[in-house]
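Paired with chain B in one complex and with chain C in the other, chain A is shared by the two complexes that follow.
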Partner chain A sequence: MKKSLVILAAFTYIGMTAALYAAFLYAPTERTMGEIQRIFYFHVPAAWVSFLAFAVVFVGGIAFLRTGKSHWDVLAYSAGEVGVFFLTLVLVTGPLWAKPVWNVFWTWDARLTTSLVLWLIFIAYLMLRSSLAGEKGARFAAVFGIIGFLDVPLVYMSIRWWRTLHPAPVLGGKSGSGLETPMLVTLMIALVGFTLLLILLLFINYKISRAEKDLELFEKEWRNGEI
Partner chain B sequence: MTKLGYLFLAYSAIWTGLFIFLLVILRRLTKLEEQLLEIKEKLKK
Partner chain C sequence: MELRSKEILNGMLLFSLVVAVIFGFIFEPGSEELKTAGPGILWILLVFSGNIGLARSFNREYENAMMQGLLLCPIDRSVIFPAKWIGNMIFISFELLILIPLLVILFDLPLGEHRLSLAAVLLLGVAGYSAVGTLFSTIAAHCRAREVMLPLLLFPVTVPILLAGVKASALMMTDAGLKEAVSWVKILAAVDVIFITASFLLYEHIVEE
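Take a look at the complex of A and B:
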């Protein structure tokens, strides 16, 4: 195993453990929602890293369309898988937070609906990419991923543009919004931990996808007698 | 269910998700290893 991967894994472990400690033992209990608000410290960072992963799909898609190099296509697809994984966590933890606070698991408000649409878009992207082989399929998926990413700013801005049941933004929101220092510190630690986790999972996923692609190419050339 | 129960469920979902993700990666690695072995056998012949 490469030394860089071991170091990255160690830092991720430290970051995630620190986030867990801060979420349960350092951050104070929120006054109105109580203990359930502690979901926030993993729910928000999971959403954040899913956006980052979809940004990689966007950048990877553009780079692939410009250069035609297959590693960009592999990177975009790997990031799409990791992004869907994190967004799934968001869509599972969100309703578990909503139920005791709103008394319903789900409501069709702007933030929830745009998030679900984003998830469906990238599920479609993954299905499309895996079902279409060859350069043409990769190009089509790249365009789909680039367009799909346009839903990310919509999800981000949804609680600013529309009246929703979802809590207002605590960072970069209106005056009077914000977090107490221990809560903000906890959120920052969790954001760092989750970002490291994203990098680690993306790195591993990309390496495996690359090896699969190389092996597939090798077998194809072998069968055609080119090797 | 109490609020603490929902909190437990949410964090369990995160660990379960991570565990499943790692299992999927492990399955892909095993498959890769099998394919490599297959090629190795073919090359020997």
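Take a look at the complex of A and C:
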């Protein structure tokens, strides 16, 4: 187990370093937006990775309800935490980019609003988890996580119909010709780096949650033994 | 059961009325703004008072350990969810039935030509909202901060219902044409189907003790 963690960490390190290098040194400066465009190489991968994490919450929740095995629940919960972390990153980097480019920090565009609603849903998921311990909490959180994830396409669709300010905001480029090859390569490297980072964080978080659970059990037994 | 507990119904109605009056202060009565905000106000009242009703109804059950009683009953467990859901639906609809005429009187709210369709849209909204609401109120009732937890869980998830509902009813109320509203109603119906099915399937995982 330890060895695989080290290997994974090493790959993540390489991937993230490559992403940093590519984003800051390899990728050309965008013509109209300038340097600020480089935030794109962190913003998009973070969004992609957070979505992946929430998919894990969904799958883990279903698996837990089906099998009742607690490691599925631990996995889902860890993924929820990591997903919220990445989505927070998305919601922070987005406005930073938008202020100079769109001239506003925030617009009520479909993607932005969907991300915000998604963030709220999974913050609620974490709150639910922290206010309900034990097997019951795990079950309830799984149910909520499933509904929350199912809700994502619904929210996106309805908001897209509601406000179609930017049908295809960033990707697709100005003239509709897509990204320049170096930019695309950079984005791909960043995507790989972030995905590795997600797996690593998930792995570590899973271990910690597992250990916490074991500790809790141990403490309970110990107390019962003492009294 | 709910209709007997007048206290909750009165509370919900009064609360909605207070919210409506606050909106009256915010917008100039009879102004154009109020008219454009009309459908929004309607749905906000639905959401808020529905939330109170859901929370209160489950609190009582929880305190009286009624759920255990229900589970001990020699009935099929899959009946519990539809029964509670329909109960909540009737409850919220009943409340709207009193509230909407009141709003029309207080704010001179124009309901437009398509009243029946408007009622149908509201009913669709109530159906989806109370389906998820039934599920989540059961979850929230077990939490430490019950009263806070329910809206935290319920509001973000029901965004699609709210959005589609407001849009559809706004189009209907301004006589902009039923045709445009139809697509929103379709979304609303689709969301309803997904929410109701998911809540129904997931409910049994929540009530098992």
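Structural remarks
FYI, the second predicted complex is superposed on the first by the 197 of 227 C-alpha atoms of A that agree within 3 Å, B and C clash if a C-alpha of one lies under 4 Å from a C-alpha of the other, contacts with A are read in each partner's own complex, and residues count from 1 in each chain.
To be clear about the criterion, a contact is a pair of C-beta atoms (placed from the backbone, for glycine too) under 8 Å apart; a residue touches a chain by one contact, two chains touch by 3 or more.
Because the structure is a prediction, the values reported are computed rather than measured.
In the superposition on chain A, A:85 makes contact with chain B only, while chain C stays out of contact range.
In the overlay built on the shared chain, the residue A:8 is in contact with neither chain B nor chain C. By the document's definition of touching, neither partner reaches A:59: not chain B, not chain C. Once the two complexes are overlaid on the shared chain, A:154 sits against chain C while remaining clear of chain B.
Looking at the shared chain after the overlay, A:205 reaches chain B, while chain C stays out of its contact range. Applying the stated contact rule after C-alpha superposition, one finds that A:126 touches neither chain B nor chain C. On chain C, the positions that touch chain A within their shared complex are 132, 135-136, 139, 142-145, 149, 152-153, 155-157, 159-160, 163-164, 167, 183-184, 187, 190-191, 194-195, 198-199, 202, 205-206.
If you check the complex, the residues on chain A that touch chain B are 33-36, 38-39, 42-43, 46, 85, 88-89, 92-93, 96-97, 99-100, 201, 204-205, 208, 211-212, 215, 218-219, 222. Across the interface of their complex, chain C is touched by residues 65, 117, 120-121, 124, 127-128, 131-132, 136, 139-140, 142-144, 146-148, 150-151, 154-155, 157-159, 161-162 of chain A. By the touch criterion stated above, chain B contacts chain A in their complex at residues 1, 3-4, 6-7, 9-11, 13-14, 17, 21, 25, 28-29, 32, 35-36, 39, 42.
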